Amino acid sequence: MTFEIIMIVSLCLLTLSILANIYRVVKGPSSADRIQALDAIGINLIASIAVFSVLLHTHAFFDLILLIGILSFVGTVAFARFTERGMVIKQKDEG
Amino acid sequence: MKPNDVILQSVTKVTVIIIFTFSVYLFLNGHHHPGGGFIGGLSTAAAIVLLFLAFDIEKVRENFQIDFKKLAALGVLIAIGTGFTGMLAGDPFLTQYFNDKNLPIFGKTELATALIFDTGVALAVIGTAVSIILSISEGDSLWKR
Amino acid sequence: MNNLLILPIAFPLFIGMLLIIFRKNIWLHRLLSPVACIFPGMVALILMNQIKDSGIQTLQLGGWQAPYGISLVADMFAAILLFVTSIVSLCCLLYAFHSIGKEREKYYFYPLILFLITGVNGAFLTGDLFNLYVFFEVFLVSSYVLITLGGTRNQLRESLKYIMINVISSAFFLVGVAYLYAVTGTLNFAHLSIRVAEAGQDGLITTISFLFLIVFSLKAGLFLFYWLPGSYSVPPGAIAAIFAALLTKVGIYAIFRMFTLIFYHQPQVTHMGIGILAALTMILGAMGAIGYRDLKKILTYNVIISVGFILIGLVAFTEQSLLGSIYYLIHDMIIKALVFLIGATIIGLTGTSKLKDMSGLIRTHPALGWMFFIAVLSMVGIPPLSGFLGKLYITKGAFAASYFWLGGFGLLASIFILYSLIKVFMDVFWGETVMSEDEEKGTTKGVMLPIVLLTGISLALGLGAEGIHEYVLIAAKGLLDPNQYIFAVLDKGGI
Amino acid sequence: MNSLHMLIFIPFVFAMAIPLLYKLFHPKIHLGWFVLLIPLVIFLHLFRYIPLVAKGDHLTTSLAWLPSVEMNLDFYIDGLALLFGLLISGIGVLVIIYSIFYLSKHREELHKFYMYLMMFMGAMLGLVFSDNIFILYGFWELTSISSFLLIAFWYERKSSRDGAMKSLLITVFGGLCMFAGMIMLTLITDTYSIREMILNVEFVQAHKLFIPVIICILLGAFTKSAQFPFSIWLPGAMEAPTPVSAYLHSATMVKAGIYLVARFTPVFGGSSVWFWLVSGIGIITLLYGSITAVRQTDLKALLAYSTISQLGLIMSLLGIGSLTFYFGPSEHGVTYSMAIFAAIFHLFNHSMFKGSLFMVVGIIDHETGTRDIRRLGGLMQLMPVSFTVALIGGFSMAGLPPFNGFLSKEMFFKAVNDVRVAEIFHLETLGMLFPLLAWIASIFTFVYSMILVFKTFSGKYRQEKLNRDVHEAPFGMLIPSVILAFFVVVIFFFPNVFSKYLLKPAFVAILPMFTIDKVDIKISAWHGWNTELLMTIGVVIMGSLLFITVKRWVPLLKQYPQWLTLNNLFEKSLEKVERYSLTITNRYMTGSIRHYFIYIFSFFVIVLAGSLLLLHGIQFDVSEDNVICIYDMGLVLGVMIAALTVLFTSNRMTAIVALSVVGYLVTMFFVIFRAPDLALTQMVVETVTTVLFLLCFYHLPKLQKNIGRIKFKLTNLIVSVATGLTITILALSSNSHKLFEPISYFFENAYELAGAKNIVNAILVDFRGFDTMLEISVLCIAGLGVYTLARFRMKGSDHNEAE
Amino acid sequence: METIMACLVGLLFTIGTYLVLSRQMLRIIFGLSIISHAVNLLILTSGGLKTGSAPLLDEKMAGFTDPLPQALILTAIVINFAVTALLLVLSYRSYQIFKTDDMERLRGNPDE
Amino acid sequence: MHGSDEVIAALFILAGSIIVFVSAIGIIRLPDVYTRSHAASKSSTLGVLSTLVGTLLYFLISEGYFSIRLIMGIFFVFLTAPVAAHLIARSAYRNGVPLTEKSIEDELKKYYFENELSKK
């Protein structure tokens, strides 16, 4: 029972962190802040899903953990690219 | 200042391999675990997109000389094709078959035509996703002319 | 089990995908796409005879017994529509050969048309609610692409609205699926019908049925047709024709299917609602048709009027009225393709769609003019042309069911159809001939064949209605008796 | 297929052959000579039926067209049909002869003219011979259409087109009303055959739809026969070439309505509604037509209004005659049956004199180049033959002896006098109106007949007002009118010959209670000094007085404001309808997507919320709900905040980021609701969508990053809140109303059935693999769409879009 | 939980609708996206929430959540993705051509 | 199932969550994007790693299930999180997002501007 309570507490903490990050997403002020927060949300999601898997005794979401890792990386890269040079994919490497 | 993509590019090289492996895993595993053609395909597409992000289109194109639209069409064709095979056997369209076989290396493996169908799905998804992203990126220069 | 049912869907899809791969060979496109259009029609013909002989044909895809798998069901109604679709699309395709232009051909025009046909055929055949959604999406997405194909300013502007509205309606469709699934726990039409009948169509289910009515009304252009005039007037003629002929009809088909097979227990509420919408549609459509002086607009508003008219048959819900609706539906698909093609030809010749800028084409293009005239008379329902039987039976059915006002509106609508289109005829074809043949912007070369073909079919449909009456009657009876459908779909496995 | 069918099809078949003949023989031979054969053949052929019909028999034939819907070409000849058939073909012959000389083979598109004419003739013949009510309707509409084409024969003139349009609109409108009536009639009687309907009269008269049926069918007849107030199309139809006018207005088109009323009299006769409508409208039309005719200055218009008034006369006679069915074959009945006879007789006479008059007017027009009475005069010497014909026709129309019009006019007066004594249907008080109105109308009829004859032919010849030398018309043009005039006289002297072979059979056809042997009708010019004769004398005296003083009082009539004429009202209201339609349509078809969305959402809310409330669909039951975890609440809160951010932010980037937050949190929902596949998919799709958003936004660099504050609009708020509420309530209700176990239990055997342990995947690739197949097709199509959108733009697409 | 989800769906619909009713093309697309999320959640809710384990046969718990809505949502997500992609590209093309993202300025010319 | 071994897993997870939470506070409280970058990437990476390890241990102990996917996940996050943080920080800098006023020195400024100038 205590175990589950610990899990729930962790989940709540994670939720709070996500909310905190959402606050940052909303608040900004710069795009970079938002992307950063989004990245953090992705990471928090990974953690929450992990905790959740424990709570539900399921392996079903392990794939998701990795996938979120991948996608949050790809997404962050894309965002960063966008804010940095205003375009996402280069036609040709001018450099 | 010229953008210095060394970090990104070297990490990308590693991660892309991971992603590819992972997508193949997702794809093959789909029948029994979460995953399947669609997700496998999309994560493959994500890997390709990551390549595009880290490098430039032409460089990637050198290595992937595929018309992704045709790939997508091919995927759909495969999917329809599996449907037709069922018909040839006199069963309804899209009947899937599965059987457990002992293969030399893999041991007892389940062989299912659903996998071929799923391959079609995966190809279609890869093809479409990448071609969408590419056409937007490429199309722009044409458009402005 | 009858594997023929899949062919009208899989074949065009397959050919379309194949053509994407062989993109460069336009001749292959021109060769294969008509084949892919005709083939479903031939299948439909076989199906019609099979249905006549041995009842509704079904195919449980993947061998999964209904309601668990997806069923394709060809009842006579669907088979007839399938057949007409094939004819109409073939004619539009033939028209496109000479009018659509190299550029569009290169940019997947033919595959897209084939996908559109796939979607339409599938929507006619499917026996599963969610699958219907998917087929709707197939033809909608194809239509999105077709409508934007070419990227002119008008196309972009109107297609934006078209897509946005259709996205909303698709969302509503899914909302409806969700509600219905929550209440009944199933998706198969036949099974839904059983469950709804078992539960009795209470207030909630009726409300859900209204939700579906809204969704399909959006597609059919029943009352919620705001997107229609704009989006049908921007694409090239061949595309507009195929839209006018097929797209709204799928919506109408879906309304028929839903309200004859599943939600038929409270006709005093649901069918009355449809009746009011149909009447409003006809009124608004008629106002648009007589108000504008623009060829394309007039034609599109006529599409709207006919939607309202066809649905009267459903509202009255008697054998005769359904018979009439089916007749009129067949007629309307053909004739709308015809008038749109003629309209496109006229616009091609004169380079404008404003009536005031046209005059006296009859001297240079008498055949075109007279075919338009015949088409107009057909639309008004002058015997022995093709619209007549539909008009007769719809009105008769409506009167028999004591929907006098609705039948009256229907007849009144034909006056407006007549007025709006005869005005077109007079302005375009009569009057002083102001344009010599050299001044024409386009030509009728090559495009006359499909027009003549459609006119011929329309005439044949009117004069030779005897030939199809048996089929139409079976279709109407089938619509009236949901049990036929249910038994055909769920015969062996049981629930 | 027998000879009767042949008769009706010959004109159509021949119409198809005309272009060929035109190609072969034009301009060597006037096409009319070939066409002439057709009505001639028909006429002669119909003659063969006279003996049969004169015996009171009839003949039916049937040709299967759509037997399964009982749409067969059932034709049948009785006296009435034969009379019409003979008129149609006979006058057809004369009209075609006339047209050969009237229409130049060099200037006019003769092949079209004769095609239309043949179609029209065929349609008329079909109309009168049809027994099947819907076949009759078909021919009815065909006459409207072919007359439309004929009227607009000179389609380059605007007035022709307008006239044609007007006639088409009104007659087709009437046709549709009639169609509605016919449908109701078939519902009542359950048959398409007119004869069988007549046999089932008692059903019809007792049915609750009886009055609507009458009104609908009469609307058809009145519009076709140009009864008040539908008469406006007829003057407009004068734009047609004169042979057409002569044909349409004397024997055919306008008589179709009369035919219809006569044909249906056995079905409806004897009811007060039918009587009052037919005879009342008839009398009003008679009066209206005759008074308006006097005002006209155009000869053809004058004739047109005279036609209207004469049709009113026949109509009212038919109405009075319908009383026969009330009284049955009693003495009273016999009295009123004479009205029917009078109607037939006058119809016959009218065809003769009106045909001849039209031809004369055509000759005048042809020779002088004008039809304006004010410019004409004194043509008597120049055109003696025409004058004679006009004199005969005019006097006959005025009801003077020794012309046939006198006979039927006498009978008309008798009939209106008889009405007074009927003592049913309030006739004891209102009956007095009939003779009075009839008499007044007859005076005006006399006046306009005189105007027609004397203003054109007597008086001073005014060369200066005409642009050419006037001389007598060519022989060919005169022949037909002379023949008709000849008949006008002959009928007066030998009425009973015609009566025996033509009129009596027709009479019996309308009144089946009389058999042909028992009926004994003698037409005689002299009845002694009875009321009718006195009335006629009164007419002549009053009429002469008025004619002499015509210059004094006609201007008074012209005081009637132009804008209040029926014609003007019609045109104005049509114009108004068009304008308002456009205004209203433009009012709601704004092209603004926001408006369209508002319509859609409001409709959605109104319909669904309304139906939920009215049908008591709202249910609420939380007992089945699952527990709520605090974590869930956090998620819900997160989604809400993120979504609201999308709503309120003014920064494009923030919006995109917040949107993807929503997407990711939805993924979390999928996790807590145990949907791993969904979570995976949603995750990937969300990311790709976000990337797409960014890709697209790269392309808009020059525009501001801000998308501007979202403007608050109360409508939007109301609509959106209402939509959300509706969705929620429906969702709650349907979730509380789970009536059945979902079918999903079946899929739990996925491993045995499909060899898959992932049920969702098994559903996707196997159970519902078809969906997936189509889904990837959709994806592929969308991919193509993106590609074409990105790459493809019509060359020069921006230039030719002037609109 | 179903109740809460229904409310959330309603809220998302409200927000989506409000966005859809605004003038900017982009906002409309956002709105459509949000509505599609809402729809997915609604379908999921319609199958009942949180009963049983994930629909994987390896999971050994009593009963599964309803897998059918999940499959439907999956299809719906993909289709939505396809349409959104198309719409996005279309909107940016229009944006480029019309130089505005204000739908009110894309009314088209009122005829006659 | 509440063996003492599982407590280790639970502790890992709890610790991870606390770290994540702390970093979230950091994300809210820290003054500019560059400082927040520390909180976002370093701490949360650590936090999530700890949680994942905890999860891994849990399944290892309770079910004897060793998930390669989790290991891969850990590896992947470990690999990419710094890169992501790097990219974000760089893009922020190049977009001219200001440093907080408390910052003492901007070492990159000189280099950056020289390059920008030399380009022109």
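Going by the order they are written in, the chains are A, B, C, D, E and F; count residues from 1 in each one.
The definition used in the following text is that a contact is a pair of C-beta atoms (placed from the backbone, for glycine too) under 8 Å apart; a residue touches a chain by one contact, two chains touch by 3 or more.
All figures in this text were calculated on a predicted structure; none of them were measured in a lab.
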Shared interface partners, meaning chains that touch chain C and chain F: B
Identifier of the chain whose CA centre is least distant from the whole-structure CA centre: C
Far-end chain from chain C, centres as C-alpha averages: F
Of all other chains, the one whose Cα centre sits farthest from chain B: D
Pair sharing more residue contacts (C-beta pairs) when A-B is set against A-F: A-F
Distance from chain C to chain A - Cα centre to Cα centre, in angstrom: 47
Chain B-chain E separation of Cα centroids, rounded to whole Å: 25
Euclidean distance of C-alpha centroids - chain C vs chain D, Å: 27
Geometric centre distance via CA averages, chain D-chain A, whole Å: 70
Where chain F touches two or more other chains at once, by residue number: 72, 76, 80, 83, 87, 94
Junction residues of chain B - those touching two or more other chains: 2, 8, 15, 18, 22, 26, 32-35, 38-39, 43, 46, 49, 69, 72-73, 76, 80, 83, 93-94, 96, 128, 132-133, 135-138, 143
Multi-chain contact sites of chain C, meaning residues that touch two or more partners: 13, 17, 20, 61-62, 130, 134, 137, 141, 144-145, 148, 151, 153-154, 160-161, 164, 168, 175, 178-179, 181-182, 187, 230, 292
Every chain pair in contact, whichever chains are involved: A-B, A-D, A-E, A-F, B-C, B-D, B-E, B-F, C-D, C-E, D-E
Residues of chain E that touch chain C when the two form their complex: 20, 25, 28, 32, 35-36, 39-40, 42-43, 45-47, 68-69, 72, 75-76, 79, 82-83, 86-87, 90-91, 93-94, 97-98, 103, 106, 108, 111-112
Touching residues (chain side chain C, partner chain B) in the complex: 1, 3, 6, 10, 13-14, 17-18, 20-21, 23, 59-63
Contacting residues of chain B [partner chain D, same complex]: 26, 30-39, 42-43, 45-46, 49, 68-69, 72-73, 75-76, 79-80, 83, 93-94, 96, 98-99, 110, 112, 114, 117-118, 120-121, 124-125, 127-129, 131-133, 135-140, 142-143
Chain E-touching residues of chain C, taken from the complex the two chains share: 130, 133-134, 137, 141, 144-145, 148, 151, 153-154, 156-161, 163-164, 167-168, 170-171, 174-175, 177-179, 181-182, 187, 230, 292-294, 297
Contacting residues of chain A [partner chain F, same complex]: 1-3, 6-7, 9-11, 13-14, 16-18, 20-21, 23-24, 30-33, 35-37, 39-40, 43-44, 46-47, 50-51, 53-54, 57, 59, 62-63, 65-66, 69-70, 72-73, 76-77, 79-81, 83-84
